[in-house]
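If you scroll down you'll find the structure; I have some questions about it.
So that you can tell them apart, the chains are marked A, B, C, D and E in the order they are listed, and the count of residues begins at 1 in each.
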């Protein structure tokens, strides 16, 4: 059974925790943990350890919960996790795996033909300093357009919640937005066109949108439990690849539970195509993203992310599953 | 028996030319016809009150506690509606409430000036007049005090001054001198009488002091209690100026008091 | 209006005498209370429909009343909707009751002690002006992801309102009544129990009403901090409905929230009307 | 306490007579008002420091008072902080003033008309319980991404509180005063201007205080919907500080918000104390 | 002149054994020494009041409106503090306020029962007693009404009943019968006198009606105004029971009234 499974593979010392508190978002980019949860993969690998799931709506609350010990591990975007790492002097958080890559784009009004046309317009991002915000600022900087944190410059960047971006875009109050899935898809359905697909900006077209962050002391005390979480995740990756329909249904069910209403399955399916569910956190892109944040002035000091990513256990698990290790 | 005579409501209209005027017309300032008042579905406070008060008449009401005197004045003032019957009053009467009803946030002066302010009298003028009025009730030295800083009798006098500050031709006064010492009250009797004469006011005056009623009134109306009805009317034909301690006032007082006692006793109160 | 009616009955039971002053027949009174509401709603919905007909805004931004009420009706058939409403109402009522007790005690303490008033009197309002979002980190820090964290956010929102209502009520109790109470032997707690609090009741009730509004808003915001497993809630639904991009669903939830607010206010209004009748004030309108 | 003092002076000017009843010398009164505040703050900061010393929570979650106040002091030297404070305060004050006017008129209208009360009386509280977040889509729909959208959210938050304060105040004006006012010739607007509103003033002021709290909270939340170019604001800073996970920065902002709240409350308290002295109530403590 | 005699505060202590007792000791229920009262930095309401009231004594105070009578009772009751001087009172006195001060949210019955409730009297007992008290002030039929549904005189009587509901040995009454008609007032005079006798109460009673003072008092104290001082004391040694209209009461009344008028006139009020 799962219990003996977790116990027997514990070679690196430490004990399985009696309980693990895990967070994720009811969101398509969190399909990996959702599927692992819904399909009973966590239960299977955790054995006697009980799993307590909390769902969050946004990175800050998840990070606050992690830092104050309310949860032991959570799936979250790379932006908040990097921020938490830097602001705690490297003490608060470790990334032990990725969960999804890709799936963000700059979608604009069809009247915008090129980046140059953005001059003098308003473009939205989900929040100041998050992954997409940094990406947009860096991209514009590369293209020679000035921006600042107060929304001034050649292009006025106005951070808004994703849901509000949809409203604003529909009413033509903004010229476009750099958003993750499923909002990119939704903007396209609302008449937008993709000006920049974030894939195109990264080596191999890979950049993380979701990673698994763990409290360092939990990682130290209960590597067995972390390992079990990762085993479940790796199995979920396969499940998603084999049965995307069921996986999408799982995600839809979670969204329905927390919002009382289901998301349009078509949106879900379209968004799905732009994502890759992978265990690789793409460390290089993480570091690169942080450097971009510093370049555009979001981070005040040059980021040092040494020790943020710890893939030891993940690679053990991957190896045991006969998969390629990541770096 | 000089003080009491046969009631004659039309004494000032010797030729009877106004005899058929409608109530509330030129000779009557206040007319009540079959007025009854019931509070909620409970107390019947007034029952079939018929009353005519001539312009310029000074009428005092006496009756047991709770017999409906305040209710009567409230109805005449228009603040309360009668349950049935007809009420007609010339102009808008000024009511001096049984409880002082001063505005707690205004000084004495401003309280007295308020009716004039509401009537649009210019500031300088109304303040001057308010000063005069307060002086006339012997409160020239408390103009700046607020009601809570005044004694009971002082509040009553401020309220009197405020009532006199209105331009009303009909004054309704509900036990206006109840909290005053004899001396101050005498002075205010004189004051009120002279204002009444000078302005030709019609006054409806409620009091428990029968001697006071006789001192001031052209006519004393005795009300019965539960329900309030007019029991008897006593025209007072004593010459003015009268004094509170005049023997003639005393004898009329004795007569009315006896009737009042009988009335109160009859209702077992 | 079920709450309204039952509360009114209860109050009438407490105060059987009042019924004598209710002059109009029941049906008439109910109708007098009802038709203006219907008219107001009709007017509003009518205007809304007109705006939609003229297509001033695309329907995926502003759906018509038909689709909003349709969605609302649909939600009424859903178990999860009722479950969420029950969860949120329970949290709201429990939080409000606790806030009432704390607010009452705090209010009396501050109204009573000069030192305490100088020390924390202004702080009470200061806390009240702090938006819920500022409290979330502290709530999580202190109470983790539990019901207690939500309760904390409710209390922080509602207690100051309630305390302020008590303070202002106590401050304006007519001096004569307090003096009379002291003179007939009311000291310490008895003075508060029998004289000051009854005299301040109107202001206290109005503070409680404000407190309810604060509690409810804080609650709906606080339900977002954490969606506790298998506990759907109106707050989470509302926030997530925005992300779903389904405005009619959001409007349906707003209708539900508004309805609850109106019902609660009706209860307060009934209490208030009874108090006024008892004291013989408000013969104004 | 600058606002407090200047307002107190102004009120004293309005009401020169009162000064005679201020028996204690000024220095003594100021000290009596000040030491409890200092003691309360000292106690609180002391406790906080103890918690931090015992390392009950890591400092990146709960920074000590030293680092929070240090950050606050640092912010005071920053131009953008002052700019943001000015922007938010301006929005708050303007919104509050507009809300006061609307709330006052609405309150009087509802208190006065039975039909209006039946129609929208309960709706007022209903609107108040609707969280700001529910209004954002509507605000954007109506006013785009402009200052007006923020104003709308403030009004929706504050107007009901203020109107409720007016309604409850008007409802409890002693019947005798209204009757006296009517009798001495106050009709219609004059009755409200000279009798009812002054009599209801204490409750109105307390409604305004609640209204300010609602306005301010709604404002800080609303500043998130619209980030207008080159207009930094406390609301946006607060949200960003949370998103960037910088607790000492967040605490510094909370200190600033609390300070503003306390200052505003002191102004209200000064008005209130003057009213009470004038009316001779509140000889309680 | 039978009614007036040389003041003798120790009449009930013929052997003088209590003559050197401390104030507030066994023979004096109320002692004021050099009591002054200044409101704020303004009005000097009382100036150097010396007063001794024996246990069981019935003292009436008369004086011009605003002379400080209410202030005096408030100080004796302990509700206000004297600015200087010493006050000592046996036990906790019950004060009947000049303005009724009933709790507006309570029915007449509950208002009267309130002091007993505060004293911990069991419910059945206190309601029965409250019923009795209301019947004794002739209000047996309005037990369920609230203050705003009562007439002015009725409120005064409820307040009287409430005062009698306390167990205090010292009663302070501030114009308790000011709003009552002659008949009701007479009945309540009898009632008050019999309670006073039966319970051995000490009563300090303020009134503007000098005849009422003579009717009730063992001693009448005349206060001057601005500032309030004790001008003269008149022991009333008429036999009880007295009637309001007794000629002897009348003659004493005349004498005191003359003094009062002189006093009021002297202060130009």
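Odds and ends about this structure:
By definition in this document, contacts are C-beta pairs under 8 Å (C-beta built on N, C-alpha and C of every residue); 3 or more make two chains touch, one makes a residue touch a chain.
Everything numeric in this text was worked out from a predicted model, so none of it was measured.
The minimum number of touch steps separating chain B from chain D is 1. Compared with chain E, the chain whose C-alpha mean position is the greatest distance off is A. Highest inter-chain contact count (C-beta pairs) belongs to C-D. For this pair, chain C with chain E, the centres built from the Cα atoms lie 49 Å apart. Chain centres here are Cα averages; for chain C and chain D they lie 19 Å apart. If you average the CA atoms of chain B and of chain E, the two centres end up 29 Å from each other. Chain B has residues 42, 99, 148-149 in contact with two or more other chains. Annotation for chain A: residues touching 2 or more other chains are 64, 68, 161, 164, 167, 171. Listed for chain D are residues 57, 61, 136-137, 141, 175, 239, 242, 247, 280, each touching two or more other chains. Taken together, the chain C residues at the contact with chain D in this complex read 32-37, 39-40, 57, 61-62, 111-134, 136-137, 141, 160-161, 164-165, 168, 170-175, 178, 196, 202-203, 206, 209-210, 212-214, 216-217, 220-221, 235, 238-239, 242, 247, 250, 253-254, 257-262, 264-266, 268-269, 272, 276, 280-285.
Listing the residues of chain A that touch chain D in their complex gives 58-60, 63-64, 67-68, 80, 83-84, 87-89, 91-92, 122, 127-130, 150-152, 156, 158-161, 164, 167-168, 171, 173-174. Looking at the complex, you find that chain E touches chain C at residues 77, 79, 92, 94-95, 97, 99, 101-105, 107, 114-115, 117-119, 144, 146-149, 162, 165-166.
Within the complex, the chain A residues that touch chain C are 21, 26, 52-57, 61, 64-65, 68-71, 161-164, 166-167, 170-171, 186, 190, 255, 257-261, 263.
Those residues of chain E that touch chain B in the shared complex are 39, 42-43, 62-66, 69-70, 98-99, 138, 149-154, 157, 174-175, 178-185, 208, 210, 257, 260-261, 264-265, 269.
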